[in-house]
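Please read the structure below before turning to the comments.
In order of appearance the chains are A, B and C, and numbering begins at 1 in each one.
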Amino acid sequence: MFKDITIGQYYPTDSIIHKLDPRTKINSTLLYIIFLFVVNNLWGYMAAFVFLAFVVTLSKVPVKYILKGLKPLVIIITLTVLLNMLWTPGNVIFQVWIIKITDMGINNAVNMGLRLILLISGTSIMTLTTSTLDLTDGLEADIKKVPLVKRIAHELSMMMSIALRFIPTLTEETERIMKAQKSRGADFESGNVIARAKSLIPILVPLFVSAFQRANELAMAMESRCYHGGENRTRLKQLKYKKRDAWAYILVFAVMAALTATRFLPAVNLV
Amino acid sequence: MLRWQYSNWWRRTLKRAFAYNLFYKITMDKLIEVKNVTFMYDEENEPGIKALDNINLEIYKGEFLGIAGRNGSGKSTLAKLLNGLHLPNRGDVFVMGQNTKDENKLLDIRKTVGMVFQNPDNQMVATIVEEDVAFGPENLGLPREKLRQLVDESLKAVGMEKFKDKKPHKLSGGQKQRVAIAGVLAMHPDLIVLDEATAMLDPSGRKEVLATVKRLNQEGVSIVMITHYMEELTEANRIIVIDEGKCVLEGPPCEVFRKQELLEQMRLGVPEIVEISNALRREGVKLSNNILTMDELVDELCRLA
Amino acid sequence: MSVSVKNLTHVYAQGSVFEYTAVKDVSLEVGAHEFIGIIGHTGSGKSTFIQHLNRLLVPTSGTVVINGIDINQKGVLMKDIVKRVGIVFQYPEYQLFEETVYKDVAFGPKNIGFDDEKIDFYVRESIELVGLDFDKVKEVSPFDLSGGQKRRVAIAGVLAMKPQILILDEPTSGLDPMGRYEILECIKNMNKQKGICIFLVSHSMDDVAQYADRIMVFNEGKLVMFDEPSKVFADSGKIKEMGLDVPQGKQVLEALKSRGVNVDTSAYTTEDTIKELLKFFKKNGGNNV
């Protein structure tokens, strides 16, 4: 049942956020990330949090899915918080042995922790509401606007979509080869690291052989369907901004302005 | 020894097929002409090994041509020469009068000659069925409205319109191959070459594909069906048998199937119905010579009983 | 060696939205030297079923007993199971990975702990059993062989582990008619000469009808029939209902019968059909013969 794995973490439902153009979502997320670093006090984080909560409510994605996105990053977040807390100079609040906790340290730690959590939840909401397919299309459209890389925009997106297309095929294949080698007495579970790495050879060699063969056949199939690069190519599905995207952009710009404005509010010091 | 037999057979078959070929030549337009083609995969390192050896054949508009041959006979190589995926080392291939060696005509040639391959998983490009069907016309740079129309019409032609939003890996083998056919159809080809397109399918998938191909042929699309199962070629107008890179037999199915022994020497067989009728005929049961299907056999036997 | 399966059920992704019962309450007994054919359309549960016979899948409920040992019991080693039950999957040539044919065929026997002398003997024996010339191919890279030869090497790789039960999933798919015949004859020899118990999964009714002693018919996860070919194909209506074909010869006989020609419809192989038809036409109406 490996077949049902989906890459990314798309949560299919029908909401206004799902319906937004992928470019709107990608660009807004980028803006949001940039402005998270502009924010420098608690007011700002609170504003960002309110905005995020608003988007989450609109998206109809259960909060537990967003928390799930945070889970694998708990270690990184904790590490960042600890490092900031311990290595920032300032007025020492208390000290155990050589560990000094300063007021600035606590402030920095809270700032960085909040920033990371908001950043990750923000990106999750984008990947949760945009299918991988739309994401590639959106990225392609965006990359086309970037001066240096726009020449390879088509190639990049073609590569991405072919990779997506072959992930289920190759996971299935891996599963099949593993079963075949297991039936020949191969053991992938016991032994030390070197033995285990070695035991992967009977899976990796056939997998690579078949992947190359697939690539070769796919190239031939594409060629015989008149593929000749991105030149003069049209698309069945074209991204088209709708009215709601305009509203979304206006809202996002307004929120970003508000986030910038919070810099001028008096700082709230925790300690 | 084997060679000698082949060439002898070949000469006799040629004579018999002559009148038949003549009929095609007068009444039908030539779509493809393969002239004295020799093809070697690795001329530098293995100069003697010819995948195809001096092949000559013609494919006509509207016909259903079967090309049969054992594994490694060169039949798939031949398929890849028909739309310029391979270029002959010697000789020429002309598609609608244009040489496949002419690079400027390659897109035209590939638009005319569509190709469906063996492994359904390795010819799907997109992650959604309708986008995959659109791939060919997209490459031709057609406007969006036209793309939409072509995609809808081709999916309908293979009976897959209900699956247009599905992911390809959720489809059965037969459905995938029908999508692949739709992808080719969307470029409005004159000829579709099916290069062992049924080899990896289960019986029901095979039936789906054969029925689709038959219907398309009735609607005027020429078909080249490459296979090693003769039972898939009972509907063909003409069968060419390839062995060791050479054309060994040519003629309408009933004529080719009568040479059961020769076919078996070439590691092929005849459809089971033909096998039964050949065996009965050998034992003196007076069956007619052109039985191809179960119904025909049963009718004949009822007549005799 | 015998196989005894009791109330085997397998549910995929239990408890999730994808929950799907692939095998439902299958019970059966197979003797030591039988040749079993397995038929059923795609998705009928036959592939899931065979993977239980060497513990690639663990039953959701029910037991699989091979030669008196419940293979899902604690303490039974995978090594000891695969030593007795070999599986050749569809398109087995995709499992080849070694530099030489010899090394590839020796992979299985090495894994289950045979000594070098034994390995040498069994590798040679299995390569010859699948109809290849040992001295010619042993040092060749498996990737340089033709498709049909690769498949034989892959089958030899499983045979070299000396299984008493050999399961083959569509071993002839993609091969030309003669290649198919050769592989099937070779499997028949393994059964007749070496006494290996064979489970042959196939989409070709004609092949199964011709080679199997008994046939399992799977439909919607259930084992609906398990009997001799003559009995399985006796009710062709039932077989067709499950989306399967009846051997063509049999169809001819039945069509004749339904049109009032009084032939005996019990034959199910092509050979027997021809015999029956000849018998009939020689007996009745000598003027037509």
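We take it that a residue touches a chain if its C-beta (ideal position, glycine included) is under 8 Å from a C-beta of that chain, and two chains touch if they have at least 3 such contacts.
Keep in mind the model is a prediction, meaning the values are calculated, not measured.
Applying the stated touch criterion, the connected components after chain B is left out amount to one piece. Using the average of C-alpha coordinates as each chain's centre, A ends up farthest from chain C. Looking at which of B-C and A-C shares more C-beta pairs in contact, the answer is the pair B-C. In terms of their C-alpha centroids, the spacing between chain A and chain C amounts to 47 Å. Computed centre separation for the pair chain B/chain C is 31 angstrom, with centres defined by C-alpha atoms.
Interface of chain A with chain B (complex): residues 3, 132-133, 161-162, 164-165, 168-169, 172, 213-214, 217-218, 220-228, 232-238.
By the touch rule above, chain B contacts chain C in their complex via residues 70-72, 172-173, 199-200, 202-205, 228-230, 264, 267-269, 272-273, 275-276, 279-280, 283-286, 294, 297-298, 301-302, 304-305.
Within the complex, the chain C residues that touch chain B are 41-42, 146-148, 173-179, 203-204, 206, 243, 245, 248-249, 251-252, 255-256, 259-261, 270, 273-274, 277-278, 280-281, 284-285, 288-289.
The touching residues of chain A, when paired with chain C in their complex, are 1, 4, 173, 176-177, 179-187, 201-202, 205-206, 209-210. The touching residues of chain B, counted against chain A in their complex, run 80, 83, 85, 107, 110-111, 114-115, 117, 119, 121-128, 130-131, 134-144, 147-148, 151, 167-170, 183-184, 187.
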